[in-house]
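To keep things simple, chains are lettered A, B and C as they appear, and every chain counts its residues starting from 1.
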Amino acid sequence: MTALLKVEDLRVAFGGTAVVDGVGFEVRRGECLALVGESGSGKSVTARTLVGLTGDGAAVEAGELSFAGRDLRRMRERAWRRIRGGRIGFVLQDALVSLDPLRPVGREVAEVLAAHTGLSRAARTARVAELLAEVGVPEPELRARQLPHELSGGLRQRALIATAIAAEPELIIADEPTTALDVTIQAQVLDLLARIKSEDRSLLIISHDLAVVARLADRVAVMKDGRIVEQGPADRVLRAPEHAYTRALLAAIPAEHTKGTRLSGPAEAVRLARPEPGDVVVRVDGAGKSFRGPDGVARAAVRDVSFTLRAGETVGIVGESGSGKTTTARIALGLTEPDTGSVEVRGRAWAGLGRAEARTLRRDIQVVYQDPLASFDPRYTVDKVLAEALAVAGVPRERRRERSVELLELVGLDERHLRRRPLHLSGGQRQRVAIARALAPEPAVLVCDEPVSALDVSVQAQVLDLLDDVQRRTGVAYLFISHDLGVIYHACDRVLVMKDGQVVEQGPVERVFREPEHHYTRELIAAIPRLTTA
Amino acid sequence: MRRIRPGVWLAALVLALLVLAAALPYLFTGQDPLTVDSGATLRPPSAEHLLGTDENGRDVFSRIVYGTRASLLLGFGAIAIALAAGGLLGVAAGLGNRFVENLIMRLSDVGLAFPELLLALVVITVAGGGTTNAVLAIGVANIPNYARVVRAQTLSIRRSTYVEAARALGLSGPRVVFRHVLPNAVKPVLILATIGVGTALVAGSALSFLGLGTPPPEPEWGSMLSTARAFISRAWWYGVFPGAAITLTVISVTVVGRALRLRSEGRTW
Amino acid sequence: MHGALRLVGWRLLTGLGVLWGAATLAFLVLHLTPGDQAQAIVGGENAAPTPEVIAQVTREYRLDEPWYVQYLLHLGRVVRGDLGTSYRLHTPVTQAIGEQAGATLELAAAAAVVALALSVVVALASAKRRRWVRGLASGSELVIASIPSFWLGILLLTVFSFGLRLFPATGSHGFQSLVLPALALALPIAGVLGHVLREALEEVLEEPFVISARTRGQGDMAVRLRHALRHALVPLITMTGYWVGALLGGAVITETLFTRQGIGRLLLGAVNAKDLPVVLGVVLLSAGIYVLVNLLVDLLYLVIDPRLRDAPAPAARTAVEGSA
């Protein structure tokens, strides 16, 4: 196999700071190379540099940067335009924002044909339909006339892929092509990408997710802080990683086999035993809730949901977007009043409580959000955030500072963080502060709504380990909401599988994952991208 | 701290000087703005009269300096009125029930249908001209705008995750409003008002230019231009400098306001 | 298209509400203004009408009726397009306005076209360009947006009328006499619009779909024109209130400065003579224009953003107002 794309000693700097440094790799004809790394590793900048769109104020240097034998380093804008879309197709993540929201998707595909082929207008229209059919869009003529928002996430991503392959380029670069998608759709799009790879069409996949990549890549290059730390055949890199970072990255992925182990390396201290499940702390019985849509029609967000949560236990709720997970969480928290059914926290029902009583009950059930930054008043320092929570919990003023420091130490931070603002903390530190705040009133239950979804896998591992440690130490119960089945399997004792507002299956997590009863659960589990390692 | 651009410093400095000139005009000029000198009418700029003289032989520079007070009053006073009344209405609409909200918003819809200057002209037709009435007129005309902005701000904060987080923590309703909603609404509105001062100042001096604001012989930039109109073919300085003062003031206020806005949005100055 | 119809219907309804509010306001102003209305009708404070004349006027205008009857009569007149009689000119207000409308319309239309064209061209050429290009564009926008139009007019007169003698200083006939007033009115507006448009364009040009279009081989200008401009125009047309206010308010000033005919000067004369019916007539007219323009803007939205066509009315309304 000959190299189609060759990169040697690539360095990209913004304002003097190198974000990519000394990167070298090649993509051979007909192969799929995956560039894997966490946020800030420089993988997306590298991808954009390959089509000459690094961005404003970027300084690009390279020992070699060539595509099909042509030097890309001193290419003129005119020549670039023939390459982009014509010989290198590019798929950006999340088609909702990567397709012009005001133009029909067919026109976006036709735009490529107009720029790179000599097809007549009529021929272009026909070809657009063919292309859409090729990527698996049903009713292509109709869909071509629709706007991106009228298509489902999966169809949109397929349409975006159609724009990338329209002019039959030799290389497709896909930057996080499945990140914004639900797991079942993600599996379909990965299949499609595998299908468009051929003898004369190579693939360069950029991803943060090793498991996604494992399904497609012939070779893998792992990036960290602007450098490639390891590259080689996918099997070798994923089964027998040589670099410590690759090993840590692989170990940090939560899944079946990681259950009961620490993801972020061994704990310093002796681990406490997991608490035995105790009294019921949350009982949700037949809860249902409808919301009136913008068209005035009421739609059920949640129907007949029942479950219990015991002290010291973790119950997961898993489901795809729109399945009613978050509404269920809000009902449990007493922030959304259910139309039907009842919710009890430590034996007291939300319904019928006076305002003051409800506020007292809130101390027993606290919440951690997906986006911790948005959950802090932007004017507050960590100190004020915690002091406010402690004040509500009735801790006297003179004890608050001491308690704040204790809470910070419990979540792996310390006194120095008190004066900082959440804005100036890292994503992982912010989530730790959010957990500390939630623990301030010493609640019996913590509702975690996608607490690790916005985090890189290594940070996610630390936060999952932290939650586990906290539970071992305090015996708090978790209601753990996630779309990520690996995270759920790793972190939960029992699980509820939700679809379209209903619980389709619930039970101990091992049982549900190994012997799923409901066909939807089976579908979900089959779609999980897996590493073939053990 | 982030670096502040020199232009912003300059604008802030100009604003500070303007405020000083409004408070203590005699620090800047020894000449009286009202002294008539029939022997020295419409003289071009010279060492004696830095910016020339007007049709009555009065010193244009000292009239501009002394006019600062009336002109700034038009801008800041009008916005203060609009901010106070509009702020109250906006908060009431943002926190109140549907009825209160709808009532205030529909009233502001009606108010917004009238252009600022035209609404001010109605007020002046009824109440008469003069500096105070001009301030009132421009202020009243701006109320619906601020009511809208404050309401939108209040609502978006009410729906934010951090307000829900505060509720989930067990804070009472009034505490959430006073600790989180109002303090966070104040800053962006104040910043917007800073930029608004510039437009209000232009509107106020436009009223004076039309002969409806500060009456002569009191110095005010707009009314100076109004008289200057008759002499522009003979005395360019008379028509140029008062307008330059207005423009400089508006630019400074806008630059400072935008810089504050960028900073609050977390961008560099 | 269902959503579109509902949106337009909703707008018509609120527009009517606004007009009703405006008419009510006019009534309140007329009746709460100190001074006797009959006295004002027959010639103001200086006239000395006999008690018989006053009585006749009171009967004729039914000023002796209770306030709510007068209010209904007032609304009835407004609906029929009768805005009363000018105290000063003694002609119907509608007629007085009608005679002056053409000149103002000409000025406002010319200024609107100049302002829009100038801001679009400058924004397209300068958004996300080299530092100095952006600096120059934003600097000049800031300066011309900060210049009051009456001063700009004086500067234009000083240079082009009295200095270079290119254009007449006064008058309202022909293209020559339109150039300076239209520029004086248009430039400050262009400064504001240019600023808004450039900020919007710079934001859109960062959007993934723009980068995506670039990766398909579209050139920079093609992307600006085909993809970005349409998005960037939305905030511009959202500023309806600003447009109407700036053009009408500006007309009062430019017409005075350049001694042009038009509604602006009619209004100023009326304010000085305390001729309330004319003042209120012009204000009602401007509210009517505002409502009409708003309706047109909504239709324009549906053309620019087809997503709103299928959205149910309240959602479309929030989308429209949310971008304000």
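General remarks:
By our rule, a contact is a pair of C-beta atoms (placed from the backbone, for glycine too) under 8 Å apart; a residue touches a chain by one contact, two chains touch by 3 or more.
All figures in this text were calculated on a predicted structure; none of them were measured in a lab.
Of all chain pairs, the one linked by the most C-beta contacts is B-C. The chain with its C-alpha centre at the largest distance from the centre of subunit C is A. Remark: subunit A and subunit C have CA centroids separated by 49 Å (rounded to whole angstrom). Rounded to a whole number, the gap between the C-alpha centres of subunit B and subunit C is 21 angstrom.
Across the assembly, subunit C contributes no residue in contact with two or more other chains.
For subunit A, no residue reaches two or more other chains under the stated contact definition. The touching residues of subunit A, counted against subunit B in their complex, run 333, 335, 355, 359-360, 362-363, 366-367, 369, 371, 374-379, 388-389, 392-393, 423, 437, 441. Chain contact summary for the complex, subunit B toward subunit C: residues 106-107, 109-110, 112-119, 121-122, 124-126, 198, 202-203, 205-206, 209-212, 222, 225, 228-229, 232-233, 236, 239-240, 242-244, 246-247, 250-251, 254-255. On the side of subunit A, the complex with subunit C involves touching residues 48, 51, 53, 56, 77, 81-86, 88-90, 92-94, 97-103, 108, 111-112, 115-116, 147, 149-150, 160, 163-164, 167, 294-296. Every residue of subunit C that touches subunit A in the complex is listed here, in rising order: 128, 207-209, 211-220, 226-227, 230-231, 304-307, 310-312, 314-315.
Contact residues on subunit C toward subunit B in their complex (touch as defined above): 14, 17-18, 21-22, 25, 29, 33, 142-143, 145-152, 154-155, 157-158, 161-162, 169, 241, 244-246, 248-249, 252-253, 256-257, 267-268, 270-272, 274-276, 279-280, 282-283, 286-287, 290-291.
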